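Think of it as A, B, C and D in the order they're written, each chain with its own count starting at 1.
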Amino acid sequence: MTGRLAGRRVVVTDCNELIGPEIVDVFTEEGAEVLADSRDLTVPDAAAALIEEAGRVDVLVANLAVRVSGNFAHESDDAELDLMLDRLMRPLHRLTRAVLPQMMARRQGKIVVVGAGAALRGVPRRSVYSAARAAQHGYVRSVAVEAALHNVQINATAQTFVENPTYFPPHYQQTEEFKERMKNVPAGRLASAQEAARFLLTLAGRESDFIVGQIFPFTGGWVQ
Amino acid sequence: MTGRLAGRRVVVTDCNELIGPEIVDVFTEEGAEVLADSRDLTVPDAAAALIEEAGRVDVLVANLAVRVSGNFAHESDDAELDLMLDRLMRPLHRLTRAVLPQMMARRQGKIVVVGAGAALRGVPRRSVYSAARAAQHGYVRSVAVEAALHNVQINATAQTFVENPTYFPPHYQQTEEFKERMKNVPAGRLASAQEAARFLLTLAGRESDFIVGQIFPFTGGWVQ
Amino acid sequence: MTGRLAGRRVVVTDCNELIGPEIVDVFTEEGAEVLADSRDLTVPDAAAALIEEAGRVDVLVANLAVRVSGNFAHESDDAELDLMLDRLMRPLHRLTRAVLPQMMARRQGKIVVVGAGAALRGVPRRSVYSAARAAQHGYVRSVAVEAALHNVQINATAQTFVENPTYFPPHYQQTEEFKERMKNVPAGRLASAQEAARFLLTLAGRESDFIVGQIFPFTGGWVQ
Amino acid sequence: MTGRLAGRRVVVTDCNELIGPEIVDVFTEEGAEVLADSRDLTVPDAAAALIEEAGRVDVLVANLAVRVSGNFAHESDDAELDLMLDRLMRPLHRLTRAVLPQMMARRQGKIVVVGAGAALRGVPRRSVYSAARAAQHGYVRSVAVEAALHNVQINATAQTFVENPTYFPPHYQQTEEFKERMKNVPAGRLASAQEAARFLLTLAGRESDFIVGQIFPFTGGWVQ
C-alpha cells in the first residue's frame, strides 16, 4: 500500500457530519485504514469505548460537529452554551484522555482537531459556539506541550467558509447575506470539503512531527 | 470626584480572589463606585441576581478564579474540566447576558474580562484550564462584534506571571521550578497584582471605545 | 503638575503628520513636557541629532508617516519599497539606537511605536507599506527583549481606521469604497485621532512596565 | 511522473543556503522539475533575469539567507539593517514582481516564502534580522490578498530551530547556551532541514489553494 498515510490506523469521529465523509475518503485514498465512527460522543463512556474498540490508533481525527442557534449572546441561555461544550469540548477531552496513553507508550501518534475560524475572529450570533471552539484551541496548545515530550503531536485547524450542509446549505449560498459575507473572504469562494480534508493530511502525517500545538487557519484569508 | 473612572459604577466579581482586591482598590482610587462582590457564581441564578441588585452597571469586571489541579491531560477527568468551565466560562456567559441589555439600551458600557496567558500559549499540566481560559477569549471576540453595534465594548486580558496567592504562593517563588520558569519571562520578574489591576483601567475607560474583542497579553513578554 | 505623564520628557517625531498633533496635545494635557519635532528623519544623522538636542528623554513616541502609492505589488518598483523603509523602518532603528543607551543607563524609559494594522492583516495595494509596517513590529519584539533587562519598555500599536488627512481625507469618506470598507469594521466608525493618541498613554506610562514587545491593535475590531 | 508536485516547475533561490539543498531534494523526489539557483539576488536585475531564464514557473520558493551579527540593537548600525533588507526583503519584492504576472495570467501559481520565527517572537541580538523577517510576513499578507483574486497563492513559514550550518553549527549545539535555549522548545530537539523542506510541500501544492497570506510557524512549539 502506498500513499501519505500508508499503514496508519485512523479514527474519524462524527464521520457523517462536518467534513467527516471527505476525511474518510481522502485518508483512505492516501493508504490509511480508517475507522469511521458516528456514535454519540456526548454519552460519557462513548469516547473510551470507541478507542478501546479501535485498538491501535495512529491518528485520531477529532471531527466534532454541532448545530448553532444563531442567537445573540444576550438571548442565549445556559443550555445553549452547555450544548456547545457537550458536543465540542467534552468529547475532545475524553477522546484525548483515552488515546494519549497508547500513543505516548509507543512514542508515536497524532491528534488532529478540526477546529473553527470563529474561535479566532468574532462573528455575530456565534458567541457560545466561538467559546467552545476556542476552548478546543486552548486545550490543544497545552496538551501539545505535554504530548511532545512523548513524541506525540496534537494540532488543530481553524476552518471556515468550507462547503458543508451544516453551515452553508445551498439555499443560504443564494442569499444576499452570504454574498455580503464572501466579500470578506479574499479567496472569493468557499473551499470544498475535500480541500479541507486534504489540508488535514499535513497534520496527520510525518510533516507535523515538529509542529506542537499549532492552530492552522483554513479560511480563504478571512483570518490571517 | 476626579480620576479616570470618575462617576462610573463598577461591578467586580470574585472580589477576594485573583487580582480582585487590587482591582477594587485601583478602580476606587480612580473615582469609580465599586461594587465588590464575592458570591458563588457557580449558582445558576447568582449572576442575574448580582446584576439586578447592582442596578446601573457602567463597567463589569469579570474576574473569575479557580484552583488548578496540576494533572496531565490524560490524568484529568470530566469533573476537572467541568470545574474549570463552571468557574470560568459559565459565569461569564451569565454575567454578560445579565448586563448587556442595560448597557446596549444606554449605548454605553464596558465588560472587562480578566483572562489568562495560558489560553494563548501551552503550559504543561494546564490542559483543561487552558481550554476554559481560551473559551473566555473566543466568547469575548464574538460578543464584542455584537455589542459594538450598540457602542458597548468587551475586551479581555491574558495575564500570567502576576503575583497572587492562588498561582504563585511565596514558597513556590523559592523553588528551582519557579526560577526556571522565570527565564522564559523577558521582564525578569512577576508583575504585582496592583500593576495588573492598573492595566485594566485602559479597558474600563474611554480609551477602549474603539477596541472590539481584543485580547491584551499582560505577561512580561512571555507571550508576544 | 498632575496628570498621567506628569514630569515626563517626551519626544514626538513627525509631529505634524499622522496622529502627531493629537499626541502632542493629549500628552501635554497629561502633564508631559513634549518636544514636538518635525525634522526629516530620512537624513542619516537626523535621529541622533534630535535625541542629542533633546537631552533626557523619558518617552520616545516614534510616529512615522509616509504616503502610499496604491500600486499593486507587481506594479511597485524598488524605489517604492525603499521609500517605505526609508520613512518607516530606518528612522525607527536610528531613533532607538540613539535613545536606548540613556534609557538603559537610567533603567527607565519607554519607546512607543505608532504602527499600522496593515502589518497584521493584508490589504490590497499596500504590499510594500505592509512590509515596512511589519518590519517595525518585528523590530519592536526583539528590541523589547533586550531592553526589558534594563527596565526599558518598547511596544507598538497597530492602528487603522483612524481619522487623518493622510489616509482618510474627507472626500474619500464619501465614496462607496469607503462605505464598503467600513462594513469590515465592527466598531462601525473611524476613530478620531485624539482617541488614538489617548490610547498611547497606556504604552507611555507606568501601565506598560510589564509589557514587553507587545503589538496592540487599535482597529475597531478589524483585526482581533 | 508521480509525486505531490508532479510536472510542476519550481524555482528555488539561494539554493546552497539555509534549507535550499533539502528543498531541492525533497521537491525533486515529489516529481517537481526544480531550477536550483544560487545567484546573488542583491544585484538589482538578478531576480528579473532569473525568472526570465526560468520561463514558466509554477512554484517560486523564496529561500533567502543572511548571516546575522549578533549585535544588540543599540550597537547595530544602518549598514546592518540595510544588509538584512538587501538580502531578505528587497529580493522578495523583486522576485514577486517578476513572477506574479505570469502566474496571474495563467490563474495558477504558488509563492512560498521561507520565513523565520524571529519575526513572531522577540530574540535578543536579532533586532534588525527580526525586522527584515517580519517585513517578509507583512508583505506576504498583503500581496496574498491581491494574488488570490487571480487564483495565485502566496504564503510563508516562520521556521526556527531547524538544523543548518548557518544558524546552528554543530559546535554551537554543544554549548550551554544552546541547551538552555532548547528548554524553550517543547519538541525538545531541532528539526532536520529535510523535515522543514517537507513541510513546504503543503504550501507548494494544491493543499494551499484556499490559504491566503498565512504564516505557518514551524518551531517545535516555540511559537504557538
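Methods note: a contact is a pair of C-beta atoms (placed from the backbone, for glycine too) under 8 Å apart; a residue touches a chain by one contact, two chains touch by 3 or more.
Because the structure is a prediction, the values reported are computed rather than measured.
Asker: Out of C-D and A-D, which chain pair has the most contact pairs?
Answerer: More C-beta contacts join the chains of C-D.
Asker: So which chain is the furthest away from chain D, centre to centre on CA atoms?
Answerer: B
Asker: Per the centroid of Cα atoms for each chain, what is the distance between chain A and chain D, given in Å?
Answerer: Once rounded, the distance between the two centres reads 28 Å.
Asker: Could you give the separation in Å between the centres of chain B and chain D, each centre being the mean of its C-alpha atoms?
Answerer: Whole-Å distance between the two chain centres: 39.
Asker: Which parts of chain C, given as residue numbers and ranges, touch two or more other chains?
Answerer: 120-122, 141, 144-145, 186, 212-213, 221, 224, in rising order.
Asker: Residues of chain D touching chain C in their complex?
Answerer: 44, 72-74, 76-78, 81, 85, 89-90, 93-94, 96-97, 100-101, 104, 118-147, 212-213
Asker: Under the definition above, what is the set of chain C residues touching chain A in their complex?
Answerer: My answer: residues 120-122, 180, 183-184, 186, 221, 224.
Asker: Within their complex, state which residues of chain A touch chain D.
Answerer: Touch list, chain A to chain D: 141, 144-145, 148-149, 186-188, 191, 195-196, 198-199, 201-202, 206-207, 209-221, 224.
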